[in-house]
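Please read the structure below before turning to the comments.
In order of appearance the chains are A, B, C and D, and numbering begins at 1 in each one.
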């Protein structure tokens, strides 16, 4: 009755690990018709690839992604490479009729993203982008509360993604685990890496962003580059600050940085509506803060909701109330929903088209940082 | 239309300061018919007494409390001496027909307290004991929620009063600011000093305590005594742990210590009822945590109530929502209520009789610590 | 040995209360040569003025401020009127040789502020502006940590001032307690009312702000005006979002609004430096969050500092460790420092000149909100 | 090079799921020589057993545990049955030379536990009890800090395990998911279920408990019993309060209940030492609170350590700093350590003998609850 879904994974880094874990685990907790099979691991460094494949149980190891996309023993391509390779691989995979699951951000820029959207849509293949944070149960609960209209008219949306891991001037551009500092591989710095998460969630929760004004900064302007071995100008943004307008009339404020000492991965958002507000923080990911002005006055206050009950999103499949799950489960949930969409034929949000809207906002942000002006995003947001 | 209430203060230490401030400030915020006047300050050290009197505007300075209790220009005696003097002064003051406001604990032991109660009651003078924490607005709000029956049947009451200021073995017994380490002056250690606060609030919120089992400990057993200049056995308890039964069938758990590293004055309590729970912490005294099981499931969680709204107890008299008041205001509130009771003729809770019930529990605790058995308290609690 | 400092208070609203309390209380806790005397209360509504004067013990009540500034029995004028009267009164008082204490913001705009600065400086009178939040002990501690260089190079400064009290469309413009909604009386909305506090603290902690880009919004655009009785366009800003550059190279992000449901007076700031960070929140004003990267790795984390110890700013004068003070104490501290400056002859920060720098930033923010461009502030910040 | 470790799981309930997940996942994250294989699932309800086996990939399904313990294709027996079956199965398994992994509590009482210890020790088989909370990284970090002597002399240990899921009087005794309410199957109520966790951690962190005084309560005294269909007396304890002495001279205070409205699984502990303190809360399991009195005074405060760095226990194997793991990982960690012990020959703590010490304390607690006296535990704690 179950059906194998043969996965080819391109890349074996941090995201290769989170995704592999999701593939191996999803059916243990979520009853789905499709059963992912770890069919092929593809990576250039064959020794490391072999070790990774053995750890996770991949059946085959391949060195060149071009040898993978057309394989008849593969149903879906999962792209976990640095950002600059996403487009080429995704388009080839789509053209070969494979489903495509792509790590975020979708692409280096929106133009590239447009081509990727056209490829998957004209090929008619299932596609999704791993903006995993939507599936943290507390975040999904926030979406549910917003969708039910509990907040009323929205006035404010604010989000931060604060880290502190690149403050040392000794970190090089590029190298193992450090391609995110290399503008060639990453496209941008915190804008594509961190802020893109905030934008994805923001538009999902609060609708399209119409215009932005932004300020980016590179605090450490020269670093050794691992490819050349020389100290070179740094091409990425270390910090990015954004004001924006949402089409629903609310104001947005975003900040992302890798120079916020004391914050490892502090991704937060808050929405203030006429009647109610919600707030969330990745550092305490299992809690949702909820304030409802309609509560009786003397006991009105932020509810600290421990999102671990059976009636909370995804949580019925896990443990019992009070027992938290972690970061990695967001990938399992996204995969469970992706597998569900294969059964129903519904789109697997965020689709490539959804993720393109995030890319448009990021592009406008980077344009504004250069022009010092407000820039239109061109986003036409709707849940598709 | 206003009427002077001439106060004689016995003692000028920490509590002398909090009370003097209350007398000087209460009418600025709380409209009351009576207007406290700082008439007499009484203390043995005349230099310090004079300085204190000047700072606070006391009209007269006297050295011996016996010269104060019969003065015709005094309406009320406020006792802020070490505990061992409370009884003698209070009884003399009552016999002289003065109102008596007494710092907590009421007395060294319940037997002494019984005599004090008889004195004020047979004299028919207004009397109150400064168990000030009842009047922290968040604590008063807790009382209101309990009194409204929101919690339903009560299962658990727990409280802690944790400090860490006597861990150093170099602290002497007695001396300025340290009479609390001298069993002769203080009667007991943390039991009378800290736990008494917990017991007062507990019985006020949850009714009488019928029996207790307790364990006390003196971690540092010998200290220099300032009166003798010699290293002597320490007579006070450094820590006190208590289990108890309330007459309403709920279980109590109390802990007080001066050896809890990291806690300056962490006085907390929590009540768990069938339908709802409340929790409070002196370290964040402006907040009350409230959980109501009747909240809708998906947004159920502890409400963090910032007790600064106009409809919260006492807060209409202060600033605007969001702006906190502090520790000292609890004394102003108690005084405002005391002055109010002079107008209505109602008792000024906690009265001497109320405070005696706390003393009975403390006595039973100290007895149990010696006997290693459960001890009956003999408390006959009711709000009088 | 003490010397009276005769105060004339103009206005009797919320700020009249906080200041009067400070005048009455400061000498009880802070030994100072000067002893404020509540000499004159000045307000137009004579019934209310009389009641206020009686409550607080003002000796005289006057209806017109012009009758006050030249009185020979007055040493200092304290301006607690709506913002549009600050300049005229302050200049007249300075010209009459009086010390001037002015509620914030200094003025409706920087041009007006320039004239006020010239007036007090050419008259050589002591002057200060009640940006009280600098003197919350936790905020003063943050200043101390920054001044000691503990944070190292600063990368980020962010601050919010979030309220929710004007969300109801039924609130009128103007009227008792509501002049802050009337652009005529207030000058601007949240920018002058809330954001000005953030800017004052920001420049004090982190140096001058050189340029800004901002977005303001008026969510409810028409409200009944109490003066005309008609529904009219609202002239104030309900929300204000700002990005800025500090002259030290760090990035700033500010947000103020009265439409953040769930926040009564949530004023927060955070500074991220190379080595350490600090964060504060008015809703828990007695705590400072401090992170130091130089702490040992495995126990590294934000320190939640309960700013109530004797070695914390101002706290030696109050109670004992663990016992919090509140909002109003910031005024007492500012007054204590003002009185201290009278003894030393040092400026009483924030002086009118300091506050003018805040005004320049606010002006630039409002200009940017209109121009949709980055605007230079013209601030020349230094601690004077 | 890897070696299969063939597991037979007895039971398929909540714990069957957590353990099965650990067996399937451990080698993906922790390099170990042994590779668990899900060989046999044993359970009485064959339909449910089959479904469970299919979900998790068990090779064989068996109905009677007696048919499992002697199978030659099985290396280790994992006991996840109700408590009353632990002893019989474990002893049979040990006698058959199988390794035994047993869910906690080890046994219904200490006498039974003694027999189990004798069985595994005389058979010389690897044995461990799933007191999983030791392996939450923040808890393991607490152990490390204590073991390094950072806390100095210990004064206090306190722990709570608070739940609220049995408050409804409609819950029956026994039945699916409810055998914990049936004294016949569970042995005791919260004492063996919740408090046992606290005791295990307490002795591990703070050494042996020498004597206890306790109070248990059954708030709802009659419930329908699923086996008889009749309303019967409830045999379990709903709440348990304990004071105790540790052999190191510190005082202990424990509380466990299923009647603490608002707490789902609030397991907390705190240790106060002369120099430092630690505190932890399962509801925010990824954080450890650490206070060190040796920190400089003005920035002294509780460190909120986000236990997600590579130098924190177990965390190098997971994600990157800031990204939390959850409840289930504690089982994976315990399994990783168990597999590690197979390589080194060291005991796999907590061994049956360790767990017996917990059982002795629980027995003394239940004895004290009946006798109303302090009871000696007979514990001879040492890390073996």
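In this section, a residue touches a chain if its C-beta (ideal position, glycine included) is under 8 Å from a C-beta of that chain, and two chains touch if they have at least 3 such contacts.
Everything quoted here is computed from the prediction, not taken from an experiment.
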Of A-C and C-D, whichever chain pair has more C-beta contact pairs: A-C
Taking each chain's C-alpha mean as its centre, the one farthest from chain C: D
Distance from the mean Cα position of chain D to that of chain C, given in whole angstrom: 55
Chain centre separation (chain B, chain C; CA means) in Å: 36
Chain centre separation in whole Å, for chain C relative to chain A (CA means): 42
Sequence positions of chain C contacting 2 or more other chains: 263, 287, 302, 306, 309
Parts of chain A lying in touch with chain B, wherever the complex brings them together: 141, 144-145, 287-288, 290, 292, 295, 297-306, 309, 311-312
In the complex with chain C, residue positions of chain B that touch it: 14, 18, 20-21, 24-25, 27-28, 31, 55-56, 163, 165, 263-266, 282-287, 306, 308-309, 318-329
Residues on chain C engaged by chain A in the complex (per definition of touch): 151, 155-156, 158, 162, 164, 167, 213-215, 217, 219, 239, 241-243, 245, 249, 251, 253, 255, 257, 259-263, 272-277, 291, 293, 302, 372-374
